[in-house]
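Chain naming follows the written order as A, B, C and D, and within any one chain the residues start at number 1.
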Amino acid sequence: MVKLLPQINNLTIHNSAIKELTINNLTILNNVNPHNKSIEELKEIAAQVRRDIVRMVHAVNSGHPGGSLGCTDYFVSLYFRVMNYKPSPFNMDGEGEDLFFLSNGHISPVWYSVLARAGFFEVKELATFRKINSRLQGHPATEEGLEGIRVASGSLGQGLSVAVGAAQTKKLNKDNNLVYVLMGDGELGEGQVWEAAMYAAHNKVDNLIATVDRNYQQIDGGTEEVLSLGDLRAKFEAFGWHVLEADGNNFELLLPALEDAKRATGNGKPVMILMDTEMGFGVDFMMGSHKWHGVAPNDEQLEIALQQLAVQQASDY
Amino acid sequence: MVKLLPQINNLTIHNSAIKELTINNLTILNNVNPHNKSIEELKEIAAQVRRDIVRMVHAVNSGHPGGSLGCTDYFVSLYFRVMNYKPSPFNMDGEGEDLFFLSNGHISPVWYSVLARAGFFEVKELATFRKINSRLQGHPATEEGLEGIRVASGSLGQGLSVAVGAAQTKKLNKDNNLVYVLMGDGELGEGQVWEAAMYAAHNKVDNLIATVDRNYQQIDGGTEEVLSLGDLRAKFEAFGWHVLEADGNNFELLLPALEDAKRATGNGKPVMILMDTEMGFGVDFMMGSHKWHGVAPNDEQLEIALQQLAVQQASDY
Amino acid sequence: MKEFKYTEKKDTRSGFGAGLLELGRTNENVVALCADLTGSLKMDAFEKEFPERFFQVGIAEANMMGLAAGMTIGGKIPFTGTFANFSTGRVYDQIRQSIAYSGKNVKICASHAGLTLGEDGATHQILEDVGMMKMLPHMTVINPCDFNQTKAATIAIAEHEGPVYLRFGRPAVPNFTPADQKFEIGKAVMLNEGTDVTILATGHLVWKAIEAGHKLAEKGINAEIINIHTIKPLDDEAILASVGKTKCVVTAEEHQLNGGLGDSVAQLLGRNLPTPLEMIGVNDSFGESGTPDQLMEKYGLSTDNIVAAAERVISRK
Amino acid sequence: MKEFKYTEKKDTRSGFGAGLLELGRTNENVVALCADLTGSLKMDAFEKEFPERFFQVGIAEANMMGLAAGMTIGGKIPFTGTFANFSTGRVYDQIRQSIAYSGKNVKICASHAGLTLGEDGATHQILEDVGMMKMLPHMTVINPCDFNQTKAATIAIAEHEGPVYLRFGRPAVPNFTPADQKFEIGKAVMLNEGTDVTILATGHLVWKAIEAGHKLAEKGINAEIINIHTIKPLDDEAILASVGKTKCVVTAEEHQLNGGLGDSVAQLLGRNLPTPLEMIGVNDSFGESGTPDQLMEKYGLSTDNIVAAAERVISRK
């Protein structure tokens, strides 16, 4: 049985030019991910993370399972394969590391689970999610020093600006690593996103890979009913970005897309991945609508969900 | 000599379907403008307005001549030829009238001059501009009931939202008239503009004609240096708008463009005019840079400016 | 101490939803806007019954405020709905210019105010909204205490010409005020006449003040309890009359100590009638995730805190 | 009454510009951001000397705040510059979440605060910024009184770890504090010891308080005058000590009465030492266009207003 708990090797972080390696027939750039899992392993980790998510929101009868489940494969890819980082000791400044920012902070469950499973803090702390005196706030927060979080989010629309600023600091510091940021698609209604998009293109912030969780859902319904985003590729291209598309719920397609995105960096344009996901992915009754954006499963629903996600449960918290 | 002071005829405002008339070889839609001047007359009025502008900012050694001079021909076209409205008695609700909103409120001098010359209030009140206890605030304000102003502006980025809201009310009220709004190009850096743009397209607010004062200038320099707007047509088209271009400093080209814009209304899309203007137009030393965005001429400069604008001065205030 | 009875706990936001629905039926000028939180704001009944008067804005609160301002032109009475944080701090400048300074008849309806929002945590728990809104000239600020009062306030503000901030919350709280009450803006409600100490409470703290009144009565302390549902304009007369009698005051609110009801009272007293004052509120810290009760306890907003404050302030007479 | 001499009038914003330039030379981590107001903020010297550490954001203040938050990650100390209105109300939620709650080391530098901005009028004359910023946990709020003190404050805040709001203004005012002063955050500056009344002034009102002190001295009134350059944290100790002696207080500030220094003092006194208080500030109205002096006169912020308030409050002892 594959061990899922994180193995933190004392990796030396190389901050030098991008290297190319080939693993599992994929070309991996700048490969200093501390876990560097195979696709099979990633799938198991993703199942584990999804179980964490439904358990966490069930335990407090609040939180956001829909987007969390939809973005699980993306988070698992970043933290267990793609990003260069050092989980411990956590360094707020992140020099010599890739950085990740979550703008759509409501999907904190997936981030917390992945951070714990990747070695930033202990898995058992997941049980404190949304409870009083916890470091695992409803939306990501830095106040109590939770390892892995560099800025608070939850009020939508702010994360891209923060990520662009962090990317510019990396340039000032001659740090070659990359900055990643995830946003929701409903979140793109916020004008600040477009301010940041315009700024990043004008200033050639090309060490940045932004991703939109294109699940076509937001709270009040489908994005195209609430406030249609229409042709997002055309919008971001008109705003001066290099735009890629990806399937966010299929590692075989997502990993190459993330590698493509890396390759697209350094070319004078910020990079945007429009990532198709399904809200609630992995739990059939949570899929296909906006209903599970912010609703927790009851006991019975939890059991069904866990069965559907039962690749193996050895290390569940 | 042509009389420039407004002649307010007791027009009955027709709120019915759009009519077509032909005047000066131009097809005029829904022609109930209270002045309905010829191009020759418009040119004289524009010269008058430009003289008002430089005098007003000179008198208080503050205010914004650059954008005001650049947009003079647009304002004169709207108020003396294109828009359907009743200057007196001024009606805040504007039912049965076209409405105009100025989002880039700093170019208040041109609006004040045009409003006065069009009969909203007395021309001599222009002499109170930016002085204490005046109704002619540095930026347009409604507090003291200045006729012609329906919302305060000055803090940039807000006017498009207001105009869209007013346009939706017109639809609710089954009022066929149109809503006009002007924005600066530097102002497009504000995210709220893109929020409103997305909303207007999604909601098919097609009784709205927005215009961007595309003078390629803002306070700190050229727009393309400060924060490049790049291909604005592509941006607004990607945001779902019907986009037209116009030369804003040439009545022979501007009037047909405004008529084209009117014709484009009612087709399910909001209409955007990208209007090329020259900041400071009409006063040679104020043209070609951002320097006169917000600087008043001294005595000597005023004299030179007035000479250049001296079509005739009979009715100067 | 008077007895206050309730048969049911109900959330104040549902009082808003019920009031809005009634307004939809009685006042055809009432329109409603929501920024992707229709269910949370309990606006769905209005949306369903009056779809043509309901405007879904998407996640773009700044635009919503501008739209609402624009919709007043032509006679609509717009009610905007989103969380209190996004109703104030996110859009302060838009409210300031397009609504307050412009004197627009917009009703800003804000849910999930304060700590009792619960598990979502600090990014959503605004504790500064009253402070912001009461600084705005022309703004009326109302924070009713239960379902019935919120419903009555919602209906009352439609009759009031001018901008209003109406604050309410998420959790179910005792619904004890009369169902048929007439809500008088700016008129404090005497709940219990007493002689030893004046307790001025607003919003969710009103019920806790009543509970505190009972506990104080057991200790032989006769508290005067006043429901300050309108924080601006403050009912100076009622407060000064009460304080003149009791000679000491406790204020209680779900807000930062800075900027809230307590500060308004401190100012009133210092300028007119210096009197010992104790303030119940959050003491310059952000909230966090937890249940409403846990949070009110942890941050010092419980019934016992009011009791202790009353005893303290009496000892300072 | 002590004599205060000045050889020159200078604007406080130039003090900021000078301090920033010096910081550029002494602290390589200092970076500066500006939203299309480089000249108005006097940031041009910094931009010229340190172009790689200067970030022109364009007219997009929300983005600027997010960028600044992001730039702290990697060790930069960002100074943002725009008008006080656009530094606070326009971006409150961004400051709240990405800076204050996230504990980011950003210095929010705000010019053209208050009425003395002059001719631009109310849309730009923010009188609520101190109130907003002081409600934010973790935020330090500073309003220095002249060029030298603003320069010293600018330099001092770079050494202070955590978010700071630094407020200054447009007009030239007497530059009377020592050029070599050490600025101590949170430490009130005793200007004149007295026994009859305490005058607590901040920003541009400090000089007027000194003038008032002279006029009061002529009337035989011995005023204690304290410069409260730091409004948060407030120097409670210094204030209570002074009030304990004089038994009455006048506060003076270029701000709404609601939410400003006066409210902080009213709260402090009510909770500790109830004392007659008179407040000089704007009484719940917007400003307007006019010269700084005319406006200070019209809105009751003149030297004579302070004198009258002192006499009034003494009579209330």
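Criterion: a residue touches a chain if its C-beta (ideal position, glycine included) is under 8 Å from a C-beta of that chain, and two chains touch if they have at least 3 such contacts.
Remember, predicted model here, so these are calculated numbers, not experimental data.
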item: Those chains which touch chain C and also touch chain A; value: B, D
item: Those chains which touch chain D and also touch chain B; value: A, C
item: Chain of greatest Cα-centre distance to chain C; value: B
item: Separation of mean Cα positions, chain B and chain A [Å, integer]; value: 46
item: Computed distance of Cα centres, chain C from chain B, in Å; value: 41
item: Averaged-CA centre spacing for the pair chain D and chain C, given as whole angstrom; value: 30
item: Multi-chain contact sites of chain D, meaning residues that touch two or more partners; value: 57-58, 60, 62-63, 85-86, 90, 93, 96-97, 101, 122-123, 286
item: For chain B, residues that touch 2 or more chains besides their own; value: 141, 143, 152-155, 157, 189-192, 195, 198-199, 202, 227
item: Category of the chain touch graph - line, ring, star, complete, other; value: complete
item: Contacting residues of chain B [partner chain D, same complex]; value: 60, 62-63, 105, 130-134, 136-139, 141, 143, 152-157, 186-187, 189-191, 218-220, 226-227
item: Of all residues in chain C, those that touch chain D in their complex; value: 85-86, 88-90, 92-93, 96-97, 101, 122-123, 127-128, 131-132, 134-137, 249, 256-259, 262-267, 269-271, 274-279, 284-286
item: Chain B contact footprint on chain A (complex, rising order); value: 189-195, 198-199, 201-202, 227-231, 234-235, 237-240
item: Sites on chain D touched by chain A in the complex; value: 31, 52-53, 55, 57-58, 60, 62-76, 78, 93-94, 96-98, 101-104
item: Partner chain A, residues of chain C touching it in the complex; value: 34, 36-40, 56-60, 62-63, 85-86, 90, 118-124, 286, 288-291, 294-295, 298
